[in-house]
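Scrolling down, you'll hit the structures one after another.
Presented sequentially are two complexes of chain A, the first with chain B as partner and the second with chain C.
For the complex of A and B:
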């Protein structure tokens, strides 16, 4: 292993250990894990009763000698929807907090000049911090997924199959990219301003826009969402009628989709929902088709994470070793 | 003395540009709600015209006019989402800054060498924050009136009254979060921990509690039109009893009633739904008053 790699790994280990000691992060982690656990518990309990009903129906149909039995409409992975939604909202705040702490800790403790007095380049510092953060996120996502899968198996009485495990793993990788992008955002915003807490506020403002406001606008502009129960249903239009009417709204739909496309959260959501059978229209298809269908979302997730990591590297490389902020 | 401290705090908020940024953000959000409302109106008109044409071509009777299903003030239904999302975060930051600045710059120590009690100090801070929120809500109300006049072409006295009621309720709701920001600033020694703890409370109130009590998923809280969720499970039968304590749900329910976008319950039910919000504000005020008496202003807050 080269000397540079050793230094990067040392910074990564330092980042990982320091993050585990932070009380702010612990508070947010407890909120995320509790909310996710309850969400999966509630879904799994409901699923268990639906599964029992379906099994009873199948047994009765088989006893009567029926050859055509309706397939189960249930999708066990879709029960993780709440977990993905919490990851999208609370997970992003955790990532921003980690990015903020990573920069402000070195400034407040005045350890940045010490670190930079060693043969450690800005790129090595950025890469090491980033890898440490990825380690934290991997632990968090793996623990959340494990709790979810065990809850589905023990409470929902349905263990996921190997192909489903693969799809869940891909959704977890998407979550890793999503969180790493927000980590870089938090670190860049903190490093760029004089008072670290202001950097945190700026990053949270961007989070509000990207995670909550843009998807909300996209949802609100959906033509069918204009009335409770659906506008098309209120007008007595069936699916064909809806499609016929929407052909006159291509420009409008393009604007609405464009607003949603600007949100990183929406790309993560679309990919994770496609992988976990949340949307019914994706359920009949295999993994290659799903990956092809969501290639746009994969591309955006990769692009955001890469651009923000390059931004972090640039910011830390240019950062003065002498702290410019402190107690405020 | 309370008004002096309030004036000084208002001046500080102006100097830090919090007043300007906060006001501009909320006005932009209100204008956006108006634009979204207009877009919704326009979309419904166009979809209705297309549906009438389609049904006529198929020899079927024209569908009912959907505007009969849409109340006048539904144009502002997005505000019911934006106040708990953006407004409450702004209120958190204002409450947080009101107390944390004196701790960080150690001006708290200097201040208490003068003839000022801690209760007067904190009541002055609360007055400054609530005054700022009241001015912001009043400005938002004016923008909403303008949006309603532009889109609906008319505004009745009853609608103006409902609008005023909605913004008074929103002000009370935001006050709760300003007090949360203050309380966490007094409880945590680190500035970032205070801010993140306040955000943790906001996350729990806005997203987690509604899922526990009503089965609402986090993203459902972002949409002004929420489909009813099946809550027949034993879990929800137990947690639904705590629904009156879910202040975000109470806020949305009362707002829907005031704006006429939700089923009309009795006045007694509406007043009962406001009680948790008012109670939370009173309880938090008492906690802030109690906590400030014991706060050690000799130790300054750190930034990590």
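For the complex of A and C:
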């Protein structure tokens, strides 16, 4: 292993351990996992009764000798909707907080000069910190997914299949990209301002806009959301029909899509919901079709995470690690 | 003078329009304990920030062990140890964990052993397993020195190392600096206001006045040159008066 890789891994390990020892972060992590657990437990309990009803129907149909039995309308992965929504909102706050703590810790402890007077470059510091945060997010996402999957199996009585596991894994990768982007945002905002707490406020302001306001505007303007259950479903149109209708409103749709595409949260939501069968219209399709349909969203997630990481690297490289005072 | 371990040639630094270092020329030989004196705002910390690669000078050059602080940053950082003013370290880590982490960043292969040996050497092995966040200023300063020497650098930079220390702490620090210089052959560059300490520990001094180096000589030569002055404080005032 090269010396540079060793230093990056040391910083990553340091970041990971420091994050785990932060009380504020621990509280947020517990809130997220608890909220997810409650959400999945409640929906899994309801799912179990629906599954029992379907099993009773199938048994009765088979007993009557019916050869054509309706497939189950249930989609077990869709019960993880709450988990993804909490990840989208609380997860982003956790990521911003982690970014803030990562930068403010060095400032408060005045340890940046200790790091930068060693053979550690700004790029290595940024990469190490980023990898440490990825470690935290991986742990968090894995814990949340494990809680969800176990709840589905034990309470919902439906263990997910290998293809569903693959789709869930892809949704988790999207979550990782999503949280990484917010981590970088929190760290950049904190590093750019004199008072670290102001950086946190700025990042939370952007979170509010990106996670809550822009998607809400986009949803409100969405024609399909004008009727409960969906306008196009009420009109009896499938996905292709919906696309055909919307070609008559291209200008309007372009503006609405533009607003939504500015929102990182919306891209994550679209991808995660497509992978987890939350949107009924996606359920009949296989993984290759879903990946093709959501390539735009995963592309945007990747682009946001990459650009923000490069921004973080640039910020930390240019940051002058001057101790107190500057001139003396 | 033997091959200088620290060399500044026409070093300049400007913050916006404020010129805080003005063409500073300075050579410090290996094994010296150099006291850098000057009033608040004279430019001492700026010079130290440049020498420790934390700040890029706006003019001139500076080398450590022959390596340029701007173009050979990687080599320079291998040769130096640095104790900034009022360092707090990572409060959530123990003293040993702090040292291990920083030693690994400096490329020390067996960081655990290096951390333990350094703490033993400085007589603070009892602090190894305690969290730094619970330490007093004096204890923190000792761990600060430990992190600066854990990778056995050739040059040690100390920025106001006695600031905030009680008399016992100051004395302990002085003994540590002398011990490091004697046992490990470290060249020490120290920014300080404590003139009494300078006369006891330093072998050479430099005086910076409004960014200009107005005096640079050995302690012995300085005392010979100003025989009428009772203390280094008086000499310091005199040097200031003689400045152009």
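List of remarks:
Everything below uses one rule, namely that the second predicted complex is superposed on the first by the 295 of 328 C-alpha atoms of A that agree within 3 Å, B and C clash if a C-alpha of one lies under 4 Å from a C-alpha of the other, contacts with A are read in each partner's own complex, and residues count from 1 in each chain.
Quick note on the criterion: contacts are C-beta pairs under 8 Å (C-beta built on N, C-alpha and C of every residue); 3 or more make two chains touch, one makes a residue touch a chain.
Worth saying up front: this structure is predicted, and the values here are computed from it rather than measured.
In the superposition on chain A, A:120 makes contact with chain C only, while chain B stays out of contact range.
Within the superposed three-chain model, A:60 lies out of touch with both chain B and chain C [touch as defined at top]. Look at A:146: by the touch rule set out above, it reaches neither chain B nor chain C. More residues of chain A lie in touch with B than with the remaining chain of the pair chain B and chain C. With both structures placed on the common chain, the touch criterion links A:237 to chain B but leaves chain C unconnected. Once the two complexes are laid over each other on the shared chain, residue contacts for A:21 go to chain C alone; chain B is not touched.
Contact with chain B, but none with chain C, is seen for A:220 once the two complexes are overlaid on the shared chain. In the superposition on chain A, contact of A:108 is made with both chain B and chain C. Residues 105, 108-109, 325-328 of chain A are contacted both by chain B in one complex and by chain C in the other. Those residues of chain A lying in contact with chain C across their complex are 3, 6-7, 10-11, 14, 18, 21, 105, 108-111, 113-120, 320-328. By the touch criterion stated above, chain B contacts chain A in their complex at residues 32, 36, 39-40, 43-44, 46-48, 50-51, 54-55, 63-64, 66, 69-70, 78, 81, 85-86, 89, 93, 104-105, 190-193, 195-197, 199-200, 203-204, 207-208, 211-212, 215, 217-219, 222-225, 227, 230, 233, 235-236, 300, 302-304.
Note for the complex: chain A touches chain B at residues 23-24, 27-28, 31, 34-35, 38-39, 41-42, 45-46, 81-82, 85-86, 88-90, 93, 97, 100-101, 104-105, 108-109, 195-197, 200-201, 204, 208, 212-213, 215-217, 219-221, 223, 225-229, 231-232, 234-237, 241, 244-245, 248-249, 252, 269, 325-328.
Against chain A, in their complex, chain C makes its touches with residues 15, 18, 20, 40-46, 49, 52-55, 74, 77-78, 80, 82, 84-92, 101-102, 104-107, 147, 157, 159.
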